[in-house]
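Please go over the structures that come below.
Shared between the two complexes below is chain A, which pairs with chain B and chain C, respectively.
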Partner chain A sequence: MRRIVRVASWVYALAVYGFIFLPVVVLVLFSLQATSFPIPPFTGPSLRWYDAVLSDTRLTSALVNSLLVASISSATAVTLGFLSAWGFARFVLPGSGLLRGLITLPLTVSYLIIGMGLLVLFNWAGVPKSLLAAGIGHVVINLPLCFAIIYSQMGDHQINIERAARDLGAPEWKVLLLITVPVMAPAIFAGFFLSMTFSWDEFVISFLLTRFDTTLPVEIWNLLRSGLNPKTNAVGSLVFAVSIVLVVLFELTLLRRRKA
Partner chain B sequence: MSSTANSGRAGRALPWALVTPALGWTLLFFVLPFIAMGFSSLTAHEGGGFTLTNYSQFFTNPSYWQAMVNSLQVTAIVTVVSVLLAYPFAWILAEQVPERWQRLALMLAVLPFWTSYVVRSYSWLLVLAQNGVINRALTGSGLIAEPLQLANTRLATVTGFVHFFVMLLTLTIFANLKQLSPSYRKAAADLGAGPVRTFLHVVLPLTLPGIMVGAFLTFVLCIGDYITPQILGGNNELLMPQLVMMQIGRRGDFPLASALSIILMAVVTIAYLACARWLKIERA
Partner chain C sequence: MTAPLVDIRAVSHRFGQLAVLKDVSLRIEPGSYTILLGPSGSGKTTLLSILGGFVTPSEGKVFIRGEDCTAVPPARRPTTTVFQDYALFPHMSVGGNVGFGLRMQGVDGTTRAARAREALALVGLASAFDKKPHQLSGGQRQRVALARALVIEPAVLLLDEPLGALDLKLRRQMQDELKAIQKRVGTAFIHVTHDQEEAMALADHCVVMNDGRIEDEGPPERVYARPATRFSATFMGESTILAGTVAEARDRTSTVTTPAGPVLVRSALPVGSAIALAVRPEHLLLGGAAGTASLGMARVSDVVFQGSFKRVLAISIEDPSLQFIAKLPASATVQPGDTVAVSCDTDQIIVLTD
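This part shows the complex of A and B:
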């Protein structure tokens, strides 16, 4: 009986791993062949299509746009999230529960509807479609996340250190910059990197709110019109690589927090 | 928490200065857009003015109605299949894989979770296309003579969704299984229950609330997604998000798109209320 369960478990787990990795392996594998269709049989390896991606200015400028929007919107989200988390954790505010609920509310609404709402508002207010508009949307989706992560990590331990600093005569801004920020650094970094990965991948808000200058997922979407295309494979593999780097950074900051 | 210690020195201004930017951002760019969308949904596309036709169209136009039915069907299938696939997988990772390898096994299992949404759907297109990997393998081995129509079908949409949500649910169910105290299982074994009975009467019921949370998350994310059905399902049958985007893209009809978005959100809210009630009954 034990042995049957063991063998069945192995077979099942390998099958699910196969299912999970099948599309990714196909994507990366066929990005490495020189033919103009990313289909079997495999005739690689060749870096021809990576060359094509890196010399395509539309794609490279979209990549720069994506990195800019992701880093600036994440920095904004994590700053607003940190300040509000500190305010709610350290001070008693009237209606605190309700206000915290308001900040985390966007987590329950799909990106499509958040993007639609901003599109209608900006259209009505005469705000043109731009990377800035998309960045504002990215802060809306990432602020509740940063707030929730940082707020959940503000414990009594940190309160005592802050109190000690105040007793020793530190003004409030010094407590914030010299005590709270360094102590909360792992949670702040975790929030920042998670926001980066979400903003980096986000499509529908950028699609609705940008026009000519756009982000990489939207530019990849435009490439899809040409059907199966090895260039899409190559740029997709690159995007995947960047996401993996962000996730590893996120894991490392988490690990450091656990050890601390 | 420590209000008495702080309030004397800080006064009332500081805490509000800390929370106002985040609250302001949420009000300005989340709540206000929502109100704008509500107003927009009540105005006529041609000429403005108050109207309810954007909503009544949904109930009278069978193709709009059909999109909602399609969305609900696809989402239900995806949720059930994903839970059924993910639970045994998470169980194997949590119970059969040696402790020291578990972290790595889990990280591997959710690695493609981090590929971008657009790229992940495109990757499935590579697998399912007429001249894609599966059709080439099947025709090459002589199992079938003509390639199968796999892409641009509901099956393709469901496959793309299940791929994503199996990873998500594996994460949540794994966490759930690890949170179970081993003493429950020991107690069941001491009372003479075999592994099958222990699983059915102890482990499964205790992880059910966690499964419900994961299933609800799947429902919400799945029903609101535009990318997967658009890339993999094509335009053969429309789901709600595709219908919404179509109003904006082809006709610039913001009022109708707003109304359809609000209806979609209402359905999610109803599902949430139904789900929340069911969860409470389960716990009692």
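This part shows the complex of A and C:
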């Protein structure tokens, strides 16, 4: 009886992980296909489709766009998130609980709604569809996340450290820059890398808010419209690889924080 | 007399509805070691925060070196604080921590490092310059915090229960060092503690606080020998307290009726007033040689051997609610259950009129 349970739990675990990871494995595997169709039988391995991706200027410029949007919007989101977390943690504000709830509220709203809302707003304000517009959209979705991560790590034990700095003659901006930011660095980096990850493969908002210059996920979608092709697998694998790197960086910074 | 270094005038402070300081006035002389002694909730830490500039008092003024500093922020007043949790900057080296105040003053790197090393040498930690705070022990962090606060040469150094987080042995050792460092640098130290032994060992000027007020202040010897109030008689060291009424007054003496019988005291007091008499444990005599003032008979309830002496508790036969606390030589032969005569010398009786 016990053996059956053990075997069953293994089968279940394999099924779950297979369900999650099989599509990725298939994607990566057929990106190494030597022939023109990403369907069995596997004919590779070959790097010809990666070569094709990297020599496609539309894809490479979209890749650069994506990196730019991701890094700049994440830096903005993390800066704003840090400042609001610091404000909430250090000052008594009227309606603090309500305001904190409002700032994290976008986490619960679907990207589609946020994207449409921004589209309407930018139309009205005369902001053209662009990478900038998409970047602002990414700040909207990532700021609550950065805020939540940094606020949760901003404990009372740092209050005395900041006081000590003030006591020794530091003006407020130096307290922030020389003391609070370095002390909070793990949470700040964690917020940054998680924002990067989300911005990097975000599709809906980028799709709605960009036109000519666009981000990689939108470009991949364009590519997919002309049918399956190992090139899409190759570019998908690249996106996946970058995401993995970002998630690992996020985990590492957060883990180091816990050990300290 | 020179002007006081710190002059606290009629300071009161409330947190919401709660009054934590009630009309406190205090003067602190240059170069003195002042201890604010009191139980938790007595307002001593709030008073220190007001001196440091972290709290602005609801009422009253604080003058430092003759200047009104009541609302001056911590960065711009001539005080530095050693925090209870040390509050070292965890991401900076020890040298960086100690040099921080000088860096804020715009002192160049070389001078800064030299002065930081000097300050570390002063606290006996010259070798720790390149270490990180987390590599140091509690006692060492304490010294770094002290060096960091002293290096910018404040007029007043504020210490918030600086020895509270250390174990007993280290605490006594740091106590001696604190005193030595204070004498060497000559800066006025104001030190908050609830440990009366610490207060007696360190203070030039001891301020006993309770419930937002100053109960007593003066040299620790005076506060111990002649406490001004019942609170300071029991908080600064132990005392046996006898409540009594003045029955008869003569020229320079009075007779006080107490539960342990009439007691003659050497002060003229108004007849009929309710007072309290305090006797220090080392002045109580049990059995054997009798003192000039008899305090009746008592049954010994507890004898605790404490190495150099025996701490004896005895219940008065005349009034079982009266407990005598006595400190007898280690060679004393009293046993729990013994009935003994209690007495003391008339000169050693402390009269408390509050």
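The definition used in the following text is that the second predicted complex is superposed on the first by the 259 of 260 C-alpha atoms of A that agree within 3 Å, B and C clash if a C-alpha of one lies under 4 Å from a C-alpha of the other, contacts with A are read in each partner's own complex, and residues count from 1 in each chain.
In this section, a residue touches a chain if its C-beta (ideal position, glycine included) is under 8 Å from a C-beta of that chain, and two chains touch if they have at least 3 such contacts.
Model, not experiment: these values are computed from the prediction.
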So, does A:V183 touch the first partner chain B, the second partner chain C, both, or neither?
second
Any idea whether chain B or chain C touches more of chain A?
B
Check whether A:V247 is in contact with chain B, with chain C, with both or with neither, and answer first, second, both or neither.
first
Taking the superposition on A as described, I'd like to know which of chain B and chain C A:H157 touches: first, second, both or neither.
second
Which superposed partner A:L168 touches (first chain B, second chain C, both, neither)
second
Could you pull out which residues of chain A sit against chain B in one structure and against chain C in the other?
163, 166
Mind pulling up the chain C residues that touch chain A in the complex?
52-54, 73-76, 79-81, 83, 85, 87-91, 100-101, 104-105, 148-149, 152
Per the touch rule above, chain A residues touching chain C in the complex are 157, 160-161, 163-171, 174, 179, 182-183, 185
Residue set of chain B touching chain A in the complex reads 1-3, 5-7, 9-10, 14-19, 21-23, 25-27, 29-34, 36-37, 40, 85, 88-89, 92-93, 96-97, 107-109, 111-112, 114-120, 122-127, 129, 131-133, 136-137, 140, 163, 166-167, 195, 220-221, 223-227, 231, 241, 244-245, 248, 254, 257-258, 261, 264-265, 268, 272
For chain A, which residues are in contact with chain B within the complex?
5-6, 9, 12-13, 16-17, 19-24, 26-27, 30, 37-41, 80-81, 83-84, 86-93, 99, 102-103, 105-106, 108-114, 116-121, 123-124, 136-137, 139-140, 143-144, 147, 156, 159, 163, 166, 172, 197, 200-201, 203-204, 208, 217, 220-221, 224, 228, 232-233, 236, 239-240, 243-244, 246-247, 251
